[in-house]
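Two complexes follow with subunit A in common, the first pairing it with subunit B and the second with subunit C.
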Partner chain A sequence: MILQQIVNGISIGAVYALIAVGYSLVYSVLNFSNFAHGDVLMLGAYIGFFSLMLLKVPFPLAIAMAMVGAGIIAMIIEKIAYRPLRLRRAPLLYFMISAMGMSIFLQNFTIVTIGPNFRTYPDIFPVKPFAVGNLSIGRLDLVILIATVIVLLLLTWLVYKTRIGIAIQAAAYNMRVASLMGINPDLIATLVFLLAGASAGIGGVLFGMKYTVYPWMGVLTIKAFVAAVVGGLGSLPGAVVGAFVLGITETFAAAYISSAFRDLFSYLLMTIIIVARPAGLMGTVAQEKA
Partner chain B sequence: MTHLLECKDLHVKYGGVHALRGISLHVDEGEIVTIIGANGAGKSTLLNAISAIVPISSGEILYEGQPLPRKAHQVVARGIAQVPEGRQVFANLTVKDNLKIGAFLRRDAQGVAADLERVYRIFPRLRERENQYAGSLSGGEQQMLVIGRGLMSHPRLMLMDEPSLGLAPMLVQEIFKVIREINREGTTLLLVEQNAHKALAIAHRAYVLETGEIIREGYGQDLLKDPAVQEAYLGARRTARQK
Partner chain C sequence: MSGYFAGIVILTCVNLLAVLGLSLLTGFTGSFCFGQAGFMAVGAYVSTLLTMRLDAPFPLALVAGCFASLLVSIPLGYPTLRLKGDYFAIATLGFAEATRLVVENLEKITGGSRGIPSIPTQTSLPVILIVALFCVWLIRNYVSSRHGRNCIAVREDQLAAEAIAVNTFRYKQISFAINAALAGLSGGFLAHYVGFIQPSMFGIPKSTELIAMVIFGGMHSVTGAVLASIVLTALPEVLRVASAWRLVVYGALVVTIMVVRPEGLLGSWELSWSSLRELRSAWQRRFQTQS
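After this line comes the complex of A and B, so read on.
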């Protein structure tokens, strides 16, 4: 029973991880929480859904289209909602407000154009779970886990091993000094939003398959934001660790206490972590950022 | 003759402060030019204005006779590197990655490898620590790293902001030796320093900055002997009294 709950927790944690890395990546470079991130995920979920239903593309291609589409949408959001503020050196609060405005706009735009109804992904993988001993592992959960691992490995390689990734890390540490190295801050911002958007895109497809697709589903990603905070906002490994810790905490709370208390425990976990370790589980103590 | 770098009647105002009030100066190819002055005189602001990190209110900055672009990364692309004050390493990156990021705009892998060797030759300590995080280095090592990082872009002109600040006397000696060596190997230097004595001793020419204005200029050696400069910046009176 305990093992089964851990399996369930890892499955939900994997989706949180995909979304949390996007929150963390943007925060690490630009120092604000992009609250329109959930709506990029929602749009990714729709792109995947319509690619499958209308264009009848194979599943992997649908995921690729959702990633590319959501990545481009995130880049456009950065350009119109955040870049003008950044170039004017606006206070960080303005970025948050702009993000919330963008979020409300995207949700309502989707309601008006696509409609407010819930949509269900077709069953691409057999619903019947694998049985390993007493454990039952959903096939979709397994796909989610594998996809998450692949995306996270790719992202890790990109950020820690490539030239441009090292530039992202430099910019995250100190954007001003990074620009003295010839790094263009606009380029880094574009790139970071592209990466965050693409991982939200695949996250949206997986989320949509596990649950349903609807215009305000982005609200659910607030849990992923909690995961990013628990892990240490701005730290990629932290976001992943935080996501799995949160996923497992939630499933245990739901299984052993009451599913009504599930969210209570998520936020309780966040509060305890913030009070005990303000930088999060793996976050570095605020260097020169406030 | 066109100067390598020329500032004409440069004004910078920010946050209600008129930090630079009509600065005109030039740097020629191959020189070490130093700017001395007290804290808050506007020395760092001047370098940051050239690097396009702070916007200029009026005046011009010409590089090889052409106006410099007003974005920091484009200034680097033109061949001007800045070694910022206060050992601003990327603490989250290794020593080697710090150096590589200094060569971010370069596409000639061989040239970059050669410059990495050159930096390691000048600062052998950095080679020993190449896989350590820059945040774990001592203050002196971090200063070597930011200078090395500046060299990695293979600049024609390097702007150095207080490279000796807060270092032990022996390290200060070493840093000034390196500054001379870098210049002899062909890099033009614009050096901002509080350690006026040492800076004037190695500089070809110097400017004295006071509350945003240039109050004196001349050859480094001449300013060293200038009584007014001695009194204000070289602590001559105090030395005399001690005698």
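After this line comes the complex of A and C, so read on.
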């Protein structure tokens, strides 16, 4: 029973990890939380859904289209809503408000144009779960876990091993000094949003398959943000660790305490973490400088 | 005065009370709160349960709702206001969602997601108008007092404010408490005007609408908050705009304002005798140079 709950927790944690990485990536370079990330995920889920249902493309291609589409949308959002503020060195508050505005716009624009109804992805993988001993593992959960691992490995390779990744790391460390070393901050911002958007795209498709697709599904990614905070905002390994910690905490709270109040435990976990360790599990404390 | 018009004025005052709090917290103190509807829900439910279940007199229930909301803000602000704004914003959003969750699941007390019907409608126009005007006066004075200046210092540069011995955490907490109290009051009035409450009335769209009003009017101006509450409550009501498109426009407006004119409609301009006189003399100067 406990083992089964851990398996369930990992499968939820995998989806959270995919989304939390996007929050952390943007935060590490631009130092603000992109609250419109969840809505990019929602649009990614719709792109995947419509390319499967209307264009009848095969599943892997649908995922690719969702990733590319969501990546481009995230890039456009950065250009419209954040770049002018960044160039003006606007205070953090304005970034958050702009992100919220973007989120409100995308969500309600989708409600008005596509409609507020819930849409269900077709069953691509058989619903019948694997049975390993007493454990039952959903096929979809396994696919999600594998996809998450692949995306995370790709991202790790990109950020830690390539020239571009080193430029992103430099920008994350200090954007101003990095720009003196010939790194174009605008290009880095575009790139970071492209990567975050693409991971949100695949996250959206998997999320949509596990649950359903609807215009305000982005709100659910608050949990992924909580995961990023628990792990330490701005740290990629932290986001992944935080996601699994949160996923397992949630399933245990739902199974043994109360399923109705599951979300309360996520917020409680976040509050405890930020009181005890404001930088999160894996983050480093950055002293504010004038 | 016809009932319809009176209704719009009452709704404007309800929104105004919640927007005033947000204006102090987000506009003047610089902490982005995205869970205003949660505090309204606390005020609405506490006051309604008191008048319906315990037959408490309406004014007492209102004050109780106001205090309940204030009390909730203390443990919420204590861990989160010390940290960077992001944590606070998400904590308030989480709080609003958690409140909705609790209300929906305590079915025996709150009626669950179906809500509480047939609440005695005791909110009357003169009372709410006087309360709202009093609160505007109160916030105006607070903002232009020494404490209000300290709040603005916290918003502009927290580090510099600390360097001149402003207790930034305390001022943020005070603003947060005032904000919660005003939202609670607003929720109590709302419940006893509409005569019916349910959790979905206090969802994210409501918080969104309120924050949009603050930003639209000008984050650094109480006059702007008042003006925005009047315009953004009355206009959709009069024009009968479908609510979904309204929120699309709000979202686009908020981004546009942040990008083009972050100080909002009025910036930091305040309505007062001296500012009116300045306006008049500026207008006269322009008139003289033309002739």
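FYI, the second predicted complex is superposed on the first by the 286 of 290 C-alpha atoms of A that agree within 3 Å, B and C clash if a C-alpha of one lies under 4 Å from a C-alpha of the other, contacts with A are read in each partner's own complex, and residues count from 1 in each chain.
The criterion applied here is as follows: a residue touches a chain if its C-beta (ideal position, glycine included) is under 8 Å from a C-beta of that chain, and two chains touch if they have at least 3 such contacts.
The shown structure was predicted, so the numbers you read here are calculated from the model rather than taken from an experiment.
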{"item": "Contacts of A:Ile104 with subunit B and subunit C, given as first, second, both or neither", "value": "second"}
{"item": "Partner chain in contact with A:Gln4 - subunit B first, subunit C second, else both or neither", "value": "neither"}
{"item": "Contacts of A:Ser136 with subunit B and subunit C, given as first, second, both or neither", "value": "neither"}
{"item": "Subunit B versus subunit C as contact partner of A:Leu180, first or second or both or neither", "value": "first"}
{"item": "Which partner reaches more residues of subunit A (counting touched residues only), subunit B or subunit C", "value": "C"}
{"item": "Which superposed partner A:Thr212 touches (first subunit B, second subunit C, both, neither)", "value": "neither"}
{"item": "Contacts of A:Pro84 with subunit B and subunit C, given as first, second, both or neither", "value": "second"}
{"item": "List of subunit A residues in touch with subunit B within their complex", "value": "163, 166-167, 169-170, 172-174, 176-185, 284, 287"}
{"item": "For the subunit A and subunit C complex, residues of the former touching the latter", "value": "27, 32-33, 35, 80-81, 84-85, 90-94, 96-98, 100-109, 111-112, 116, 216, 219, 222, 225-226, 229, 233, 260-261, 263-264, 267, 270-271, 274-275, 278, 288, 290"}
{"item": "Parts of subunit C lying in touch with subunit A, wherever the complex brings them together", "value": "26, 30, 32, 34, 79-80, 82-87, 89-91, 93-95, 97-98, 101-102, 105, 155, 158-160, 204, 208, 211-212, 215, 244-245, 247-248, 250-255, 257-259, 262"}
{"item": "Contact footprint of subunit A on subunit B as seen in their complex", "value": "51, 53, 71-73, 76-77, 81-82, 84, 88, 90-93, 97, 100-102, 104-105, 149, 153"}
